[in-house]
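Both complexes below contain chain A, partnered by chain B and then by chain C.
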Partner chain A sequence: MAELVLNNIKKSFGDIEVIKGVDLKVSHGEFMVFVGPSGCGKSTMLRMISGLESVTEGSIHIDGADVTHEAPSKRQLAMVFQSYALFPHMTVEQNIGFGLKLAKLPKKEIEEKVAEVARVLKITDLLPRTPRQLSGGQRQRVAIGRSIIRHPKIFLFDEPLSNLDAALRVQMRLEILRLHTRLKTTMVYVTHDQVEAMTLADRIVVFNHGKIEQSGPPIELYNHPANIFVAGFIGAPAMNLIATTLSTDKQGTYIDLDGLRLPFNLKANAVDKMSVTFGIRSEHLEVCTNDSPDFQAQVEIIEDLGSESLLYLQTNFSTEPLTVRVSPENDYRTGQKIGIQVDKSKMHIFDTETGRNMS
Partner chain B sequence: MADIQLPHGTGAPSAKPFNPWPVVIFIILSILAVLFLAPTVGVLFSSIKTTKEIAFGRLWDFPTSVYWGNFADILSNPSVQGYFVNTLLITVPATVISITLGILNGYVFAKLPFRGSGILFLVIISGMFFPPQVILIPLFRLFNGLHLIDTLWSVIFIHIAMGIPICTLLMRNFFATVPNALREAAILEGASEWQVLTKIALPLSLPALAVLVTLQFTWIWNDFLWPLIFIQSDEKRTVMLGIVNLKGQYSVAWGVQGALSLLASLPTLIVFLFFQKYFIKGMTMGAVKG
Partner chain C sequence: MEKENRFWQIVFLSLPMAVFVILIIWPLTSSFYYSFTNWNGFNSDYQYVGFDNFIKILTDKLFYQAAINTSIWMVAAIFLPSLFGLVLALLIDSSVPGGSIFKSIFYLPICLSAVVVGQTWVWIYQPDWGLMNTVIGFIAQEKFNYAWLAKPDTALGSVILAWSWQQTGLSMVIYLAGLTSISEDLIEVCEIEGASTWQRIRLVIFPLLTPATVVVIALSVINSLKGFDILYIMTGGGPFNSSDTLAMHMYNESFKKYLMGYGSAISVVLFLIALTIIRIYFKQLKKVDEIYG
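Showing the complex of A and B:
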């Protein structure tokens, strides 16, 4: 268990600045997930925490101690790699016990600890095998075993599930959660999969272009995205985003979607006729059963997902289709005209220029 | 179109056209094998025949009896024993040192690059492109000045130096195939760079090592040029010089030379057979992902 503090971390490769000043505090036992698109700097950030990558500017503190220039092995961290990074010439047993052997622990003690870890991860049968003889899920379990045996202060996961197939990914996700519940160790987990981030994290940090866009508990990010990027990145299907302009009159601020007036109480200062982006999640649009819908739309595509269905709708005010979640027991047809009602309490308005959430 | 072909064509004769290529390739390979093996067979025959038989032109006749006298002569000759010891004293240290330096160089170039390391690598590799004849005279003058002429050291040094480029190239290229994640995982487990090299990178590079040991050992053991230039006294001669030295002043002792040639090729054969299994072992080993 440890607390991790990042102070104004910057990283440049030559002239290219990939991390542009990151401040972050990860508390004792917290499960922190770094999420973002490819090349956003989340993996570089993790590698700097591990010490595998040097820090250009700023400082890293673990449990109050400045480890910015400390060697990776001195930081008492463990890392699970996307490629598992198991040593192919060693058996599972030797792989798991590798760190202890380097630390010159007595052979008997290593054997006992390896056996204990293997029992916890249910891989006792695999101990005499080599990594080549294991499936992807088994390899990942061995990699996790190798990292937990030394009781590190912080676990680092670098996209550990990306090489697994979808079903196994869900299973391993649960196992990692169980592991965290039992060990209560601080964990920093990097992924580009926002579903993984939502399900695992105590707190999510959304990275983009080497900066933190927003950090907070998954539900907070989902319900109150700080900007357009987070709104579009968190949640599947992505939030409906419609470019429009803001208007102000005596009654207040509103947007006009093809004759539909949607009023807003904005926190930020609004300027009349400024470009804004209207955001609404697919579950906050409802197919209208009465005869006073907010707007009319035409069904373009229907995706049946089993537990729910997604309707992609053509409207007069948006070039991109709008997504609406509906019950799977529906009888909509493509081309059908339907009325839609907007949940007025769940609407977002973003400043198109700065991306900031104004609502 | 739905004809079913039975294996080995027990039914109607198949209409498949005759493909001459396997036969042609077989014949060409057979001819090549005979051409390559002929000298070896010649040496073998000469070693088990008397000088008289060979002088009468019966070298290529299939031997009806085996004459062991040539081997007895060789084995009882104290100079020959000296030749073997000298060659071992040159080959083993030169092989070990050149490969060790190649491993260290290769690891740094593959895993710990620094500013200018690419250029430095090319400079080292360019050492391979100088033919020995070009550096022969300057080297002779240098070694003469250092009083290394007629010592085993001269040949050891030259083979270490000549071996560094190829050893560096081969090890660097092999280390480059060892995934960086393995090095990083080992470092996070507490391994030093030296431990990464000895416990991870080297065990994974056994095939490259096996190739290098075989190549270097054979090349240095069989070398004729450098000992010929740098060694003058009989008690410092290597086996290859010894073979030439065995010819008499007025006659050629084919039988004795043949016997020594065969004995001289045994160590390289043993090295090859010993390391051969690592070639296979290395190839079946899994990398990071299966």
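Showing the complex of A and C:
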């Protein structure tokens, strides 16, 4: 277990600044997930923590000690790579025991420790095999085995499940969670998959353009996104975002969606006629069964996902279709006109210019 | 359509096949044929002598001398350029300043013909004014005069050095290609796990260069078996047959003593040796393939 502190980390490659000042504290035993689109700097951040990449400015502290300029091996970290990074010429046993062999531990001790790790990861049968003889999931388990054997202070995961198929990804996700529960080690996990981030993290950090957009527990990010980017990135399907203008009068602040007046109590100062983006999640729109819907829409596409269905609706006020979650037992048809009710307690208003959540 | 394709396949294949038959198959089978005769290379009135030539090989002291020299030549000619090539590749790969210039310089000798290389090294080894003795004399601060190629103790070794100088560039380039194919992640694992430079080379880089090593050794084996011209230029097999290899011995018997039948028998033995080595090599290649794909 260890505490990780990042102080104003900056990183430039030549003239291009890819990390633009990141401050973050990862507590003892916390499972922290870095998420963001490709090229947002999350992997670079992880590599700087590991020491594989140098830091241009700022400092990294592990358990209070400044490790900014320490060699990777001195930081007592373990890293699991997307490519698994297993040595093809070594057996599973040799791969797992690699770090211990480098540390010149007695052969007997290495064997015992490898056997113990293999038992935990349920890969005892695979020990004599070479990586080529393993499936993707098995390879990733071996890679995890190699990282846990040294009891590192912090685990770093660089998109470890990206090369696995969907079913295996879910299974490995659970195993990583179990591992975290069991070891209680601080973990920093990089992914571009927001479902992975939501399910694994104690806390998520959303990166974009080399900056932290928001950090917090998954559900907080989901319910209270700090800006349009987080709102659009966290959650599947993505939040419905509609460009509109804000109006203020004596009765208060509101937006007008083709005659539908939606009032807001905004925290931030609102200016009349300012450009805003209205956000609402798909589960907070409901197909209306009574005669007084908030607005009418036409069903464009129906996606049946088994446990639920998604309706993509065309409206008069949005160029992009709106997504609505409905029960899989429905009888909607493409082209059908339906009435929609908005959950007024779950609405978001973002300043279109700054992206900031005003609600 | 199928038939027409077949026709063109045969047409296009016939030319290279003809070249192959004329330049390889025909001389090869001729050698086999002449190895059972006492042909002198000129007259047509030669006789079939059965296994006489092969029996003669068994009692030919010069053949044994040549076989020992060939073994030394092959082991050194495989090992030294591979080792030098590996060391140079590792140095250049570690982003030494001016690496790409060094790469070109080290590769240059392979572009020269063995005759040019041989003659250059003859000058380098020249006892009175050659570079080798001049440098040694400069370091030792006294006049150094040693006839490297004229002394039985150093003749073969001197040619091996010249050969290695030429061949190193080839193995360096192959090793460099091998090094670039090693995944960066694996090297990073070494960094994180705390491998020293030597551990990294010994436990990871060198084993991962196995496919490159296989190619380097294959080319070295083939090139060293063919290694005739540089020996011919530099020592001609001498002095006192001290640098006589099987290929050189075969040449001397066939074209200097005009014993074409006997020379052919030596070439057949050399062919069988090469075949055995290549068979062993292919077996190993299969194993490497299973691990590295």
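The rule is simple: the second predicted complex is superposed on the first by the 359 of 359 C-alpha atoms of A that agree within 3 Å, B and C clash if a C-alpha of one lies under 4 Å from a C-alpha of the other, contacts with A are read in each partner's own complex, and residues count from 1 in each chain.
Please note the rule applied: a residue touches a chain if its C-beta (ideal position, glycine included) is under 8 Å from a C-beta of that chain, and two chains touch if they have at least 3 such contacts.
What you see is a predicted model, and the numbers here were worked out from it, not measured in a lab.
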Chain C versus chain B on the shared chain A, clash or fit after superposition: clash
Touching partner for A:Asn163 - first (chain B), second (chain C), both, neither: first
Which of chain B and chain C A:Ala268 touches, first, second, both or neither: neither
Which of chain B and chain C A:Leu52 touches, first, second, both or neither: both
Touched partner set for A:Ala236, first chain B, second chain C, both or neither: neither
Touching both chain C and chain B, counted on chain A across the two superposed complexes: 50-52, 72-73, 77-79, 81, 83, 85, 87-89, 98-99, 102-103, 130, 132, 146, 150
Contacting residues of chain A [partner chain C, same complex]: 50-52, 71-74, 77-79, 81, 83, 85, 87-89, 98-99, 101-103, 130, 132, 146, 150
Residues of chain B defined as touching chain A within the complex: 179, 181-182, 184-191, 195, 200, 203-204, 285-290
Residues on chain A engaged by chain B in the complex (per definition of touch): 50-52, 72-73, 77-79, 81-89, 98-99, 102-103, 130-132, 134, 146, 150, 163
Contact set on chain C toward chain A in their complex: 183, 185-186, 188-189, 191-196, 199, 203-204, 207-208, 210, 290-293
